[in-house]
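Each structure below appears as structure tokens.
Consider the two complexes below, in which chain A is the common component and chain B and chain C are the respective partners.
For the complex of A and B:
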């Protein structure tokens, strides 16, 4: 039972970090990133590949964050001067291209066989038996750090400019703010945070495979952000807990229903869809979002 | 001219074959208020867009305190001290009135991501100053009691005021006001005229687009009439307004258009 709880904390925590990166981009900067999972994949793969080749783990994690941030920034530079929906199209394309590259670049990634047997932080110190418990603590610590960073930023003058760009870019520009630069910064930082969650995911799974990084992962992050309330970091964390709590409890119930596994996973997605529709009808600002932010001026 | 804060020379801009500005020229003397009137579609707002760098013209020159600003990104023009407002008030709806104001301040260290994280003391001190200045300007516009409301919940006239107040936070040298009186009720309008005069006394230059002619006449040192993308008449406001061509531009030409 404890193992089960620890695994929920691990998954929910890792996805909460992942979704916090998206919340920075969407909730604070209004950027439509539909390929968020690509940056998680970059973090996971670069961390694993570098650490397998003898690079210290923390440097490998950092390298993943830097590469993901740079990749996000490049996509932003290429598309953010265009209409906002271009970013959505380009990011979802990028995430699928990246997945196929990972699948087919077998000499580097071993393709669909995936990578395993790579080092994990402090694994000799902690030992195999308690490792997940240790990792859960690490994930919670990282989550709190990311949360604190994002809260500090959102209350800062930097966050104020970002929110103004989300609300009305022309106003920000008319007051001397380089709106384009702020959008690129938001996408780079959000992507680096996604890479960090990818490294943690790799440590948890002990085995990574390009199919861990399907587009649906991006949309899990979207569900978490919307469920909790866009632009609300605590809401995003709550959204991650609720979504993984929901996945886990419905997995328990599977035993009592005569669905095939594929039918029950489809039924689960239908249920999530219905919950989201209900949420949009009765609480469009999300669970922790502020109603005033939605209802005014529209 | 050396004492011109703004000089716009033969600016042209067409949108897909339709000419919005057709060789438009305009000059603003340092410390003066210039009124800009003209029928709908005359190109007034397009001229503001072009001066402030939001729209790139096809041809022409624009000098702001003797410096060529044509082709410069809009945010850089604003940083030089040439700040515009918008015809339809553009409040940042999901931010409070105070946040709207504080955004306007220039040279904020905390707007750089590394400084905001690493130099908290400096950023907080600057925030305190900016907040004080914002409250002072809000007081000037009678908006102080609304400081913690979401900007989206203000009335149309209050949004206009907020927009002007926010622009002042940037310490502009030249303010482009696009219909500052639209949606402002007559009682408030008199207060607004007073305030604009105070700003002028403090040395601020302004260009004001306005449909309500009495307000323009009350404020302007010089009046320009725009029609079909070009200057139809310019000069002393009273003389310009009694020009028959101006009358015709508004009401159409023809024998039945007797003044």
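For the complex of A and C:
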């Protein structure tokens, strides 16, 4: 029972961090990142590859965050001067290309075999038996740190400019703010946060495979952000808990239904698709959404 | 060797072009990037398979029926989803996320109904002929001929018919189109029917030269967007040229790169176009 609770805290917590990165980009800055999972994959793979080659884990995590931030910033530079949906097309494409590269660059990533047996932080100190409990504590600590950082940023002048760019770019620009640069910064920081969540996911799973990073993962984060109300960090965390609650109940129910594994995962995906459709048609502001923070319904 | 790659590129490019025309028209007239477009290709291909197997029709008749069914599905979808979204004043973002949800739902519904395995159309295997040292099957030639005929038909539709003219008017200036008495909802439904009919045809042809699986449309969504952007969004002729350019460059790249990476070529072309010619090669749109 405790193991089950710990595993829920781990997955929901890791995905909450992942979704907070998206909330910064979408909720604060109005940027359509449809390939958020790519940055999680960069974090996971770079952390694992570097630490397998003897780089200290802390530095490896940091390197993943920097690379993901740089990748996010470059996609932003290529598209953010154009209409906002180009970013959506380019990021979703990037996430698929990255997955192909990870699958096919076998000499580096061992392709669909995946990577395992890599070091995890403080593994010798904590020991195998209690490691997940320790990791859950670490995930909660990181989640609180990211949350505190984003809350502080949203109250800072930087966050206020970002929201003003989201609401009316022309006003922000006429006040002398470089809207383009603010957006690129938001996408870089959000991508770095996604990379951090990817490193934690790698520590938890002990095995990573390019197919952990399917495009649908991005839209889990979108559901979490929108459920909780875009721009609302606490709402995003609540959204992560709700979605993960939904996943564990459906997994539980599958025990009673005689579906084949592929059919039951497809049925769950159909539900995810219907949730996205239903949210957009009937409740685009989410459950906790505040009208004045909202940019999706308009 | 190179001729063979160019020939393959033209065949693949024709399919991308047909898909990109529909994507581009819908993008311009409905004003959003439709991420479910790939699933409309898949749906068309599976409809054809289904009609051929269940109704015991000849394959061409099954294809016509599949195109009509996909177009009808497009009109139904407009009544059920897109129109309520338009009339509630939903943002483009909300509509795009809805299209993602639709894409996920359709793809996985097909996995449940037809299982995830690869399927083939019930046709005899087409034997390759040697033409100037290239190996080409009669089926591939038919694909190119039918795609060219469909493109001519689109051209005739856009330039000669009143509906086509209203479509172009709506794309150029929605407000002006509305006050000049164009029935916007009707033109939009017609656009969906054309866009999804073309998608179904592209999907059937893609299934003919490769095979069917529930992921087939999603797997080429990136080349489709690249072709539409390369041709200038909303420009049907640009999308045709864009599709051919993307198809040929992807195939030629396999001479230098592992074939798995050919889809990355369309991504790079798309980024380059966005950086240097964001309105497409022809500058229109």
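Note that the second predicted complex is superposed on the first by the 274 of 298 C-alpha atoms of A that agree within 3 Å, B and C clash if a C-alpha of one lies under 4 Å from a C-alpha of the other, contacts with A are read in each partner's own complex, and residues count from 1 in each chain.
The rule is short, and it goes like this: contacts are C-beta pairs under 8 Å (C-beta built on N, C-alpha and C of every residue); 3 or more make two chains touch, one makes a residue touch a chain.
Predicted, not measured: the structure shown is a model, and the values here were computed from it.
In the superposition on chain A, A:152 contacts chain B only, with no contact to chain C.
Which of chain B and chain C touches more residues of chain A is settled by the count: it is C. Looking at the shared chain after the overlay, A:179 reaches chain B, while chain C stays out of its contact range. Residue contacts after overlaying the shared chain place A:167 against chain B, while chain C stays out of touching range. Overlap of the chain B and chain C interfaces on chain A comprises residues 296-298. On the chain A side of its complex with chain B, the touching residues are 149, 152-153, 156-158, 160-161, 163-164, 166-168, 170-179, 185, 189, 292-293, 296-298.
Those residues of chain C that touch chain A in the shared complex are 32-33, 35, 81, 84-85, 89-98, 100-109, 111-112, 115-116, 222, 225, 229, 258, 260-261, 263-264, 267, 270-271, 274-275, 278. Those residues of chain A that touch chain C in the shared complex are 32, 34, 78-79, 81-82, 84-86, 88-90, 92-94, 96-97, 100-101, 103-104, 216, 219, 222, 226, 262-263, 266-267, 269-270, 272-277, 279-281, 284, 295-298.
Within the complex formed with chain A, the residues of chain B that make contact are 52, 54, 73-76, 78-79, 83-86, 90-95, 99, 102-104, 106, 108-113, 116-117, 123, 127, 150-153, 166-167, 169-170.
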